[in-house]
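Shared chain: chain A. Partners: chain B in the first complex, chain C in the second.
Presenting the complex of A and B:
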């Protein structure tokens, strides 16, 4: 499904990522390992929902949609959401939660840095505002990555590694090319193509994982990647679910190889887990259409 | 003596700033929004008074309350003019905008103010390593530890003072990029 304006696709993919991962983070409220982490994930969720709201408002103010922020956040059908599948996965254990938050927030910071020089002034301003707050999220993820990877507990390190293995393929999906992306790049709205951002993110991730002797999680992904076809360059509208590029170690760094095949979150293709999340997240709004609070 | 329109506008602009002095942050009642650096612009035309505010943290639930209170305060001095108070997104608000009077009000409220201006972003959650500890608002000691980088609101972190044995909160710094 294509939006009439690629700028709407871009805003929805950014906003839906924030909304959906924010919803997952909020599910830690009251259940995190200790009080400080209840606060941390609740606060990060609060930030992410506010960022989603800012972007939905921008879509309305720019005349890209006539739906207001509540209708965009809660009044759409599941296939209309453009978040990457990574954001909708259940929280799992603490190792997966930290792995996912690390992968997501490092990727989010990178794309916001790129967007802060967007030719679309309002989007550039929004990106600069969000970046100032996202520093705290990256900071939180890095501190926990360090605790689990380099702390005294082998169990913690093992759980983090399992979480990274499980999440890294989905995390590549954050960089799935957007429908209409070429136009956005040509106009300077999206200053760098997703493929370019993916290359930088993967190289930096690879270095961090190497430093922690955890880069074997990328090797595992690379092995899994060899079993699926990549590099056709064509993205069919229908068919099998998204398959991300492979990942290989070459000339001293981790790089991606091949392209994305199949539709992913950016084209409204979601996991079954998303339907349950969507039902919970939108339940009140659907029961009382137009309700205000 | 008849005042020129320009003089009248100038006078009203001063009255609007004075009215905004009376608006406090509902989450930190000791602190005025003007001292937080929230008021970016006051413009008086022949028909309207416009006030531009900057959001501290985008997800702060007090923003709507602040806007409504600022609007009511301005309306009380604006006469027949239309009053428009809105949040704008540029320039980004940073904690460097907090005035000395605002920081003093925070300390008297038991909240450690952010340091700066011009101080770079310091990772709060990085296990305390290399993080200059916040100064205790009660006894002034820097023999303090960060207990939680995330506190009861988006703008506060939680600390403990080893010197006077008091837990305390700090306003989270948000320096420029």
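Presenting the complex of A and C:
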């Protein structure tokens, strides 16, 4: 079995994505566009938290850490979290929220499909279980995506397009290579490398955006280059933060070009927005260390 | 938006019965929303929606295991709250030793003074119930 540190990083990457985006989704509770959607989106938030819990528990049961699920979810410092930056961005409007949910859940479904054939039996079983619930998340995201993109409201379409433009660069960061990834792949723990998953996800995303005449989002991202704005809107200096691969349209499909440079969420590099989220999310746990609830 | 009636089966042997209604713009969205508005607590094994005024019933696409989720949802059940009061007192005591107060004492329950107008009203209400 692969190096325990690499396996822990893999689990934390998956679990922290779910925890942090689940926390962001839960901030819509009471504020979603209407009551039925409020319940549906809150349920999705709870699913994501349940998935994080399952993965934290697996890390403990596999002997990769002494920390229990509460300590893993709430007892770490911000730089110890391994979620992609996409998951921590503020919710913005409903257009951004749906754009992010679509980008995230299509990517999550793809990696869970891959992990369902992992050589690590317990992880494969967890991935298969989560994948069953993720189907609903993808159905939800697609249903909203179609209505905002192709519905009667130009405002809604514009908001979705703005959301996609804002989120697509961060979404590439979901596929940032993990420390120790080569070994994880060689031993079948991670059946497909992140770059391979990125290629498939980007091609499928490109087709969806073309069908909705929204592929200009990718064109604009390609023209903007590889600079990623930080939370404060500043452009980091080269090497300071994660720079994802470029995207280009070639031979009838969207493909990535080049690799990732600089540290991103998988190496504990987060946006300023994450600190505020972390303070809120972990405040109670930190205020009463050792308390049992 | 249109009103969609939602139907559910408690067990495989049951017929669909009406459980409530939702607002949704079309069939696909009605099926997406009805699942979580009416079946997220494992209320049944199958669900369906019907546009109010129509006759056609549309059965939800999710397997019965997926109604209410597969992962740990114990916090949603009432028994998950058993012993919360005792645990709260235990935590309060432990934190009080560190000089921390997490829960102020509840104000005493105000009973109506005997012979007052409020007490008479309450007696009348209770007699009516009996």
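Throughout what follows, the second predicted complex is superposed on the first by the 275 of 293 C-alpha atoms of A that agree within 3 Å, B and C clash if a C-alpha of one lies under 4 Å from a C-alpha of the other, contacts with A are read in each partner's own complex, and residues count from 1 in each chain.
We adopt the following convention: a contact is a pair of C-beta atoms (placed from the backbone, for glycine too) under 8 Å apart; a residue touches a chain by one contact, two chains touch by 3 or more.
None of the values given here were measured: they were computed from a predicted structure.
In the overlay built on the shared chain, the residue A:140 is in contact with chain B and with chain C. Of the two partner chains, both chain B and chain C are touched by A:51. By the document's definition of touching, of the two partners only chain C reaches A:291; chain B does not.
In the superposed model, A:125 makes contact with chain B only, not with chain C. Residues 35-36, 39-40, 43-44, 46-47, 50-51, 53-54, 129-130, 132-133, 135-136, 139-140, 143, 147 of chain A lie at the contact with chain B in one complex and at the contact with chain C in the other. Contact residues of chain A toward chain C in the complex are 34-37, 39-40, 43-44, 46-47, 50-51, 53-54, 129-130, 132-133, 135-136, 139-140, 143, 147, 288, 291-293. Contacts from chain C toward chain A in the complex involve residues 22-25, 28-29, 32-33, 35-37, 40, 62-63, 65-66, 69-73, 87, 91, 94-95, 100, 102.
By the touch rule above, chain B contacts chain A in their complex via residues 55, 57-60, 89-90, 92, 94, 121, 123-127, 147-152, 154, 158, 172, 174, 176-177.
Of all residues in chain A, those touching chain B in their complex are 35-36, 39-40, 42-44, 46-47, 49-51, 53-54, 122, 125-126, 128-133, 135-136, 139-140, 142-144, 146-147.
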